[in-house]
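These are the structures, in structure tokens.
Each of the next two complexes has subunit A plus one other chain: subunit B in the first, subunit C in the second.
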Partner chain A sequence: MNRWLRAALVAGAIAAVGCFVWSSWPPNSQYAPVEISFAVVGLSFMVAGIAAWQRWPASRLGLLFTIVGYLYLVPYILVNLANPVAWTIGNVTEGISGAALAHLGLAWPTGRLRSRLECGVVVADYVQNIAFNTAATMFWNPAFSGCNASCPANVLLISGGSRSAWNAFNTVEGFVGFLMTGIILTLIVRHWRSARGWSRRAMIPLLWIAAAVGAENILTGNLFHFSALVTYALLPLVLLAGPALFVISTVRARTAGGALGTAIVDLEPGASPGRLRDALARALGDSTLQLAFRRPDGSGYLDTSGQAVDVARPGPGRAVTPIADADGAVLIHDAGLEHEPQLVRLTAAAASMALEHSRLQAEVHAQLEQVRASRARIVEAGDAERRRLERDLHDGAQQRLVTLSLALGMARDRAAGADPELGSLIESASKEAREALTELRELARGIHPAVLTETGLSGAIQALAERSLVATTITAVPDGRFPAAIEATAYFVVSEALANVAKHAGADGAQVTIQRRPGRLVVEVSDDGAGGARPEGGSGLRGLADRVASVGGVLRLDSPPGGGTRLEADIPCP
Partner chain B sequence: MLRVCPDAWGQTRCQTGSVQPSPAILIVDDHDGFRTFARGMLEAAGFTVAEAATGAEATEAARAVRPGLVLLDIGLPDFDGFEVARRLATVAGSPAPVVVLTSTREARDYGGQIAASPAAGFLPKDQLSGTALRRFLAQDR
Partner chain C sequence: MSVTPGPEAPAQPRLRVVIAEDTVLLREGLRRVLTDAGLDVAGTAGDAGQLLKLVETSRPDVVLTDIRMPPDQSTEGLQAALEIRRRWPGTAVIVLSQHVETEHLFELLAGDPRGIGYVLKERVADVAQFTGAIRRVAAGESVIDSQVVSRLVARPRRDSPLETLTERELAVLALMAEGRSNHAIAAQLYMSPKTVETHVGSLFAKLGLLPAAEDHRRVLAVLTYLRR
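Moving on, here comes the complex of A and B:
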């Protein structure tokens, strides 16, 4: 809002209220409370006008509030000025603030009248107000109220006035006013009924206030005759509801803004777009809110319930707000919300943040999944490579050494009788060859146990237990084959654990248990040794834990000092 | 009385003259060097020898040659030795041959599979000799 405009409005409000006080000074003891209430009502509309102008710069609501405020106070000031022309104008325009108030009610909440028909109704209301007041004034002689030369003259007075004519006009005005109030209330109810979402909720306070003002208009209008005091006391109270409308709508927007923040904070991680829409709709109090995403193939949009949405033509009373950084996602909401641009921005920002958050989360999950998969692939590739090496040794060097060893054995047998010296030379060569063969076998087994490839876990664990340097019992091991990576992992856990038992535990015995549980394989190796093993110790447990993790499992170590050691690998297994 | 003394390999045994009627032996191994060597050794020991390089060839040869003993490598390119042993056990007609599994690996590398197969036993390749095979034949009798 322009600061000059604001300064002018503030100055105008002060001037108007100042004039009102000055013009009615000294206060009439009987009407003093009523006059104070007039000043308060007028001022409250002017203040609401300034605030509304500030909050909705693009809307006419600020102007309308301001106009109601001036139209309310100025006629009283004019009447009090003790000037014939001013007095006459004051009387003619006395009820025009009511027409302006009806105008405001019909323009709520956007500040614009909805149709030509409604424009016509508003104009007719202004015109009938001035017309009947003018007509009545023409027949009102100030002397009727018992004031003589002290009262300002009525400029419009014709032929000394006529009380009965004045009464007749007032009665007709009462009927017409009754009719107009009915029409305007009906229109406001229709606005409420046809509104959806945000606008419908915005109409609710107006509905109550319009009902109260309407009832007051009808009761205190010229149709019924209450005492002046009732009229003057009731009117300001009801009129204060006008500025209250502004306060209520402001509080509502603020509350919605705050609720948005809470809704986003409370949104559980990884919530679906549908949940996000629900949270935003709840915070805004707009159940018609839609969150729509561009279809993957780029042809149009789908909302969170899977309905196709035409973003170019969102339908009457609907508006589209794009969400920043959300790959073309949009919010489709009640058009009435556009008059709260701050709130729309806030909603779009909240949605953007939440969507960005879920996108990042999904990205991190995907990356983590990729890393997991690649780690598993690396380990599997390593296993495959070790299997290949073992096979190559078996098919190549071992085979040749076997043949060599056999040949040397035969050569020794044949040389033994003829040349004992040659015989013992060949014998030592044969022994070397046999030892080389044994070492090569051990090496090959260390690279990858053939027994695992050949027979699976059961046979391989059996072989491990037989070779173990500590007496090892197998309490359970499932028969049947498992995926190679899982077999290899379980095998290495047992192999490494038994090696540790032999090296560090000082145990008399060890126990191996492998159990098939739903969806997993649990490998457990325990001993009755010294305990006190630490995962970070140089016992190869770190590498073993990595190996188990590569197939998505966990390794647990339980090794209280003096209480033996229990190593458990829990491996997911289809 | 069949005496097989084809060359210098079997001198010792030929000299003893106490050779039992030796049945034919089928060597099944995909390693040419080993097959050739084993053939020489076993022929020297008085056996008639036939060769096969794959599991399929082995069943074929078993039908044609009707060997008394099959020296069967476990690692074959098509079927493994255990599968070949099962097939040999079901060859219709004459009595099934004695099957001796062999490998450069040790028996324990195969867990319980050797015991579970219809083979008569396992002989590590580096312990191959005519005597060892005769022991299997004697067991079978």
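Moving on, here comes the complex of A and C:
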């Protein structure tokens, strides 16, 4: 809001209240409650006016609040001025603030009247108010109230006035006012009924307040007669409901802003756009909120329920707010929200953050998935390479050495009789060949155990147990075949674990259990050794953990000092 | 079929052998060695399919087969051996392997262990021992490679009755596991057959095994015990 405007409004408010106090000075103890009540109500509208102007600069609500405040106080200041013209004007405009209040209620929450009909109703209300007051004033002789020369003269007074005419006009005004109040309340209820989303929520406090003010209007009209204290001091306090309306809507917007934060915090990571929409709608209290995304081919928008949305024409009472950094995502919300630009910005920012979060998360997931897949491929390629190497050794070098051994055997047998020296030479060559074969066989087995490929886990684990350097018992190994990567991983876990037991554990025995559980294979190797093994204790265990992770499994080590060691690999298995 | 008893050979038919091995050089080497050793090589095959056809047509006494053969280089030889035993139960089979695994061995022994041999391929270098093995399976004995057996016997164990066996009893046990008869064990360990029998009885009692009269049942019982 403009600095000067604000200064002027503040100065005006102070001046108005100052004038009011000054004009009614010295305070008359009998009227003091009435005057305090007036000052409080008038001032509260002025303050609400300044605040509303600040909060909704684009709306006329600030102006309307201010006008109500002035129209409330000024007539009484004028009446108190002891000037005939001022007194007369004050009397004529005495009830005009009620019409301004009706105007405010009908213009809620946008600050604008919705139709020509409503403009007419408001104008009629202002006019009837002034007209009846003018007419009544013409028949009111200030002398009726018991004052004589001390009273300011009534400049409109005709033919010495008539108490009965004055009464008659006041009674008619009371009826007309009753009627107008009914019309205005009906219109407000209609506004509420046709409103959706945010606007509907904004209408609810108005309904209660309009009912209260309407009741006040009727009670203080000229149809009922209460004591002066009730009519002029207590009932007007109901009008404080007007500024209260402002306070309620402000608190509500703040609450919605806070709720947005909570909604985003509570939103689970990677929540679907549908859930994001629900959370935003709940926080805003706007059930009509839509979150729409541009179709991938650019031909229009779809909301989170898959309905096509026309962003260019969102429909009556609807407004579109683009979401920054979200590649064509928009919010479609109740137009009433536009008067809370801060809230709209907050909503769009929250949506943007959540969408960005989801996008980043999806990206990280995709990357992680890629890395997982490539790691699995690398390990599988390594396994395949090992199998190929083992096969090459078997079909190549090993086979040739066997053939060589056979030839040497034949040669030795031939030479044995004729040339014993040559015979023993050939025999030692033959021995070398046998040893080479033994070494090559162990090498090939270390590269990849053929028995694993040929017979699967049970045969291969049996072979490991038979070769283990500590007494090893197999409690369970499932029969049947598993994917090669899983068999190889389980095999290497057992192989590495048994090697560790032999090397480090100082154990008397080890136990191997492999169990098939729903969706996974659990490999467990335990020993009765010294324990105290640490996962970071050797590259062997870390390499094994990597190997298990390559098939999506987890390696767990449980090795309390003095309590043996238990290594468990939990491997996902279709 | 050419049964030509030599002048000094006893009048018994020559053993008819079929060889299945995919490496030509080794296959031909084997044929030569076995022929030189007085066996009748009735045919050779380069893969399992050929082998089965060959056995069907020539009905040999002994089949000698490599465990890994084309096309998959897996356990085709083993599968062919099982098939041969199923279709022609009297045929003796020796399976040759580059790496001896008890898994394969037990698959092979599961039916009837008589006339079954499972030996390391490199044993062909010792011609006399190898032909001896062929003659033994042809006679219905089992021949289990000493390397498998020694691995099983030497396995570390906890609280096992095996630890209570004497050195001699262990030696007897190993030879039983290789498929030797009491007679052969006696000859190899320079004992009298009577002593061998005593050892066998005592170690069976220690291990809690039921004494088995037939050698082939004994092989299976001992191997199963050792493999536990």
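A few comments on the model shown:
In this section, the second predicted complex is superposed on the first by the 529 of 574 C-alpha atoms of A that agree within 3 Å, B and C clash if a C-alpha of one lies under 4 Å from a C-alpha of the other, contacts with A are read in each partner's own complex, and residues count from 1 in each chain.
In this text, contacts are C-beta pairs under 8 Å (C-beta built on N, C-alpha and C of every residue); 3 or more make two chains touch, one makes a residue touch a chain.
None of these values were measured; they are calculated from a predicted model.
Upon superposition of the two complexes on subunit A, a steric clash is found between subunit B and subunit C. Once chain A of one complex is fitted onto chain A of the other, the partner contacts of A:L408 are limited to subunit C, with no touch recorded for subunit B. Legend: residue contacts after superposition of the two complexes on their common chain; A:G459 is shown touching both subunit B and subunit C. Using the contact criterion defined above for the overlaid structures, shared-chain residue A:D395 touches subunit B and also reaches subunit C. Once the two complexes are laid over each other on the shared chain, residue contacts for A:A416 go to neither subunit B nor subunit C. Applying the stated contact rule after C-alpha superposition, one finds that A:V470 touches subunit C and leaves subunit B untouched. Shared-chain residue A:A153: touches no atom of subunit B or subunit C.
Set against each other, subunit B and subunit C differ in how many residues of subunit A they touch, and the higher count belongs to C.
Shared interface residues of subunit A (contacting subunit B in one complex, subunit C in the other): 394-395, 398-399, 401-403, 405-407, 409-410, 413, 434, 437, 441, 445, 450-451, 454-455, 458-460, 462-463, 466. Those residues of subunit B whose C-beta lies close enough to touch subunit A in the complex are 12, 31, 33-34, 37-38, 41, 75, 104-106, 108-113, 125-126, 128-129.
Those residues of subunit C whose C-beta lies close enough to touch subunit A in the complex are 23, 25-26, 29-30, 32-33, 36, 68, 73-75, 98-99, 101-104, 107, 121-122, 124-128, 151-152, 155-158, 227. Those residues of subunit A whose C-beta lies close enough to touch subunit C in the complex are 391, 394-395, 398-399, 401-403, 405-410, 413, 430, 433-434, 437, 441, 444-445, 450-451, 453-455, 458-460, 462-463, 466-472, 508-509.
Looking at the complex, you find that subunit A touches subunit B at residues 394-395, 398-403, 405-407, 409-410, 413-414, 434, 437, 441, 445, 449-451, 454-455, 458-460, 462-463, 466.
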